[in-house]
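To start, the structure under review is shown below, and the notes come after it.
The chains carry the letters A, B, C and D, assigned in the order they are written, with residues numbered from 1 in each.
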Amino acid sequence: MSSVLSGIKIAVLGGDDRELILISELVKMGATVVVAGFPREKISHGAFAASAVDKACKGAEVIILPLPGTSANGVIRAVYSEEELRLTEEVMSGISKDTLVIIGSARQYLKKWADIYGFNLLEIGEMDEIAILNSIPTAEGAIQIAMEESRITIHGSKSCIVGFGRIGVTLARCLGALGSNVTVVARDEGQLARAYEMGCKRASFADLPGIVSYSDIVFNTVPHMVLDREVLKHANPEIIIIDLAAQPGGTDFEAANAFGLKAILAPGLPGKVAPVTAGRILASVVPRIIIKELSRMNKELLFGKQGGAVGAGDTRSAVARG
Amino acid sequence: MSSVLSGIKIAVLGGDDRELILISELVKMGATVVVAGFPREKISHGAFAASAVDKACKGAEVIILPLPGTSANGVIRAVYSEEELRLTEEVMSGISKDTLVIIGSARQYLKKWADIYGFNLLEIGEMDEIAILNSIPTAEGAIQIAMEESRITIHGSKSCIVGFGRIGVTLARCLGALGSNVTVVARDEGQLARAYEMGCKRASFADLPGIVSYSDIVFNTVPHMVLDREVLKHANPEIIIIDLAAQPGGTDFEAANAFGLKAILAPGLPGKVAPVTAGRILASVVPRIIIKELSRMNKELLFGKQGGAVGAGDTRSAVARG
Amino acid sequence: MSSVLSGIKIAVLGGDDRELILISELVKMGATVVVAGFPREKISHGAFAASAVDKACKGAEVIILPLPGTSANGVIRAVYSEEELRLTEEVMSGISKDTLVIIGSARQYLKKWADIYGFNLLEIGEMDEIAILNSIPTAEGAIQIAMEESRITIHGSKSCIVGFGRIGVTLARCLGALGSNVTVVARDEGQLARAYEMGCKRASFADLPGIVSYSDIVFNTVPHMVLDREVLKHANPEIIIIDLAAQPGGTDFEAANAFGLKAILAPGLPGKVAPVTAGRILASVVPRIIIKELSRMNKELLFGKQGGAVGAGDTRSAVARG
Amino acid sequence: MSSVLSGIKIAVLGGDDRELILISELVKMGATVVVAGFPREKISHGAFAASAVDKACKGAEVIILPLPGTSANGVIRAVYSEEELRLTEEVMSGISKDTLVIIGSARQYLKKWADIYGFNLLEIGEMDEIAILNSIPTAEGAIQIAMEESRITIHGSKSCIVGFGRIGVTLARCLGALGSNVTVVARDEGQLARAYEMGCKRASFADLPGIVSYSDIVFNTVPHMVLDREVLKHANPEIIIIDLAAQPGGTDFEAANAFGLKAILAPGLPGKVAPVTAGRILASVVPRIIIKELSRMNKELLFGKQGGAVGAGDTRSAVARG
């Protein structure tokens, strides 16, 4: 049992199996962990169960919310909680100014509270490290869906990946390795050069109508309407569309339905298809982030700091300061 | 439309979606195809539907039975048939001596009939070409099951393949490509050398107890009891065992159950997980086999032949002659 | 023969086999190409040979200098020229204000001239597209050197890649595919996450002394002194260091020599190990860049433009305007 | 220091760096090793240097000759020996009947002597284990030659592998992994099915003229004249032919020369391009073979044995008994 987090009080509010693994790791590292939104028997030995969000947050230096975050009106995703778990202004206005609040992606109201009440809000969902590690269960989950839905093998199939960011790259590697003929559609010439290096064919968005006409499987990763009615009307009737972009995805599902095409919106795969791996990702990254941020905040306390809200994507600039 | 099978009458008895693709291909190649065990509307334009097995076989130069073959008492696998489709001695005693009868794997009674009634029985299930091509959907199906059953990703997992024949090699490539740490258990030093070349760790059967103690997923391909009680009692409680060997597999499922281990027998994957690909495999291989065998039999008719009913494994020696 | 560059006069000054392929492509696309620094018989039919730099540049709308650029005092790399080819202020002060000058990487004096004389200077060496495509011959060249210099196979070797940018990623894929055990050393957690996804081990710069103590081959891609005396003193005596960073590399070669270690500085591999592929890369990218820049400059002529020198790395911002 | 070979006297006659690694391993395992054909200072501590072949063989239970064997008139390959090392009938007629003589591949005269003088001759070069492990340095060496000789990258190249045995399979994996478009030419449909599974295109020998007309690199592994004048006259003038088959290869080098084609005969690559890896292969396999054979011979001594001089290919049947 290490003690790098010794003496630090961390509140974990809601989540799923992933948070259970994270909690266990935080306890191992010496933190005092108080948990809301899980039954006592689910929580690893050494952590404390709180009966409510406000009790968990009391005195916490760090508050951890789930990667999927909250609904627009503050309901925290908490799959093991029988009651609704809610993040209220009352609670958040009462936490200490130095509190580090970690969440996958924050709704507007939470960013506003960070500004008003001065807590440090850190959105980690778009950090490269988290997003790239999570791209592994996402890509495997997408392939699992493709295997389940199709009547052909990935090997020898014609697949298309729309968008070549963190998920697209991982997916290309997996599909290519399994023997699919992969075409990557992207705007950026540098991304297309990387796709070519990885053994994929390259195409532009203008090529999409032609590509969907012969593709067996299309994976979308772009969070804009890219597979629209105009594109879909050219689609191979046997096509399978798997949309991995954040809700509502980048597919015109209504049009797909009208054309009789199989199109599946599949957000949040890591927690669903590989909760243990996804939990280990959190457990490997979040403690490091906590240590880094707390030590940075301590320095700022000593040497003065500048205000300014929000910002994210990169640990160096990701904290919303009060 | 090619005509290499022009004028040849072929009976297809039972089967599933794979045979539908095969039938379509045979028709395209000019054969006269008569089918039993499928409703008229399922069969591709150009083929004839027969109301019974004996009618389909009448005058056929080639009779095609499904890869999974028949039950011990002659029931032909025919998933689209409402009535039981049965291969009777009456029918088989009435077919011409030169008839080529193609089946995945023949029961003893059929081999006997080939001897008695002199038809040419060809078992194609164990031919390298068919078995290696089918290893692709088998491996993907096995990986799909692993993805569905496990709470971790294949990437980063510790997997073990028991047996390194046609399926084992394909599985090793796929698992390795997805980022699993693969250990191959085999007896043959040459096979182990190949596993090493492919990036796998090598182990012997004596190492199995140790290997199952830390493996996340074990794939068995050996059709003997290799994952027995003695081995399983050392298994990681979270292990997932996927047994791909012909029924009854090589796992002591009763012991697995007693130890609370997840063990799945998964035979006949190609037709289940990728029927179209599996059908295309048949469509690419069976016509070539027919042409080869018919031309060989013609030569033998001209130059005389030796009797003797045989097994198979190799096209050159695979025909049981009357 | 396409004609997208029809009517455009392009001067190509110096270079090697790559430029010969580029010249041929430019001619095919309809450009009027005038070449200095190559003997007449080397140049593809349809291009014109100029006897001197000033003559080639006369009236040119586009001037192409080699990827490696010029020496600090203006000598242009021109492997097929018997005489020294030199870029003088006299010539560059005389070219039209709208001239597009393309070069891999520009020395300070050339950037100054762009400011003074108002030509459009475009550095393409660090553009993602060029750099990623060139990472393929670079990685293969590095592996070729490793194969030539080592007495072991890449398969089964312990290799280390220092830096995980465009070259590092390509190298990791190639080495992993050949069966090497690859460790990636980088600072950025996102890059390390990608390395992990690709099947590599991850390490920080602080781990370097330990890593070099057991590695068989180390590839450096970082253009700072990272393999310094302190690191090298721990190195496996049989180690092979291949430094791919721009001259003078990131290795203390003097220390390596003093410790009896094999260390090789290998800059500019694409033109050396695969000139035809490297030439095709230029031929696939440069015409597109020319069209894009000329059309952008035309728009600016119509709608007015802002001055400001240099900048590069991205086509959108890469042109130094007068 | 293990002692599994303790008390066993082994003579090593000639060889190269590989044998030095093997000698070192044999010493570590407790054998008494006497060496001819190497200078004293080359041999690892613990082994004995003999001044001549007969002295080394005196009393030896095992005699190890190099993988490449001897010339037709008995000259043993011994790269570090200043004098010619020769295997004479005098020496071999004097060794004990139970002596195990290990060689890569034996000339006719040596097989005859095994029959006459009753020693146990074991040819290991064609054993699957040795041949598959050696296929790794062979494939890498072939790729190194291709990289050195070509002006393009392996990535994106069109390559062809003729023959799909132990070397062909390894080569296909490496080339495919580096991004080459690989076509495999073979006769056996099972081998072609495996090639397809590995992502290669499949072709027959009849397709060779067409294939060589567009291929960049052709690797031959078939020890018969397959790349003959008729095939070569269709070859792409820029083709590079690398012939890996045992001398004299399967290429009509004279015709290649007449047509101005680059064709390279490259036998015996493991010892040349990766002597340390190749030596480790011997060191990992040969001691196991010795133990297995000696224990089998001991059993036969106890329970009687049948005479008959034989070839090899399989350890179980590989020993020529007197």
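The rule is short, and it goes like this: a contact is a pair of C-beta atoms (placed from the backbone, for glycine too) under 8 Å apart; a residue touches a chain by one contact, two chains touch by 3 or more.
Nothing here was measured: the structure is a model prediction, and the numbers come from that model.
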| item | value |
| --- | --- |
| Touching both subunit A and subunit D (chains) | B, C |
| Pair sharing more residue contacts (C-beta pairs) when A-B is set against B-C | A-B |
| Rotation angle (°) superposing Cα atoms of subunit A on subunit C, nearest 5 | 180 |
| Identity of the chain that, by mean CA position, is farthest from subunit C | B |
| Same or different residue numbers at the subunit B/subunit D copy interface, by half rule | same |
| Separation of mean Cα positions, subunit D and subunit B [Å, integer] | 36 |
| Subunit A and subunit B: spacing of chain centres that average the CA atoms, whole Å | 42 |
| Computed distance of Cα centres, subunit C from subunit B, in Å | 53 |
| Shared-contact residues (touching 2 or more other chains) in subunit A | 136, 155, 179, 197 |
| Chain contact topology (line, ring, star, complete or other) | complete |
| Touching residues on subunit A, where the partner in the complex is subunit B | 17, 136-137, 140-141, 143-144, 147-148, 150-156, 174, 177-179, 273-277 |
| Touch list for subunit A against partner subunit C, complex | 127-129, 131-133, 135-136, 169-170, 173, 188-194, 196-198, 285, 315 |
| Residue numbers on subunit C that touch subunit B, as the complex places them | 155, 179, 197, 199 |
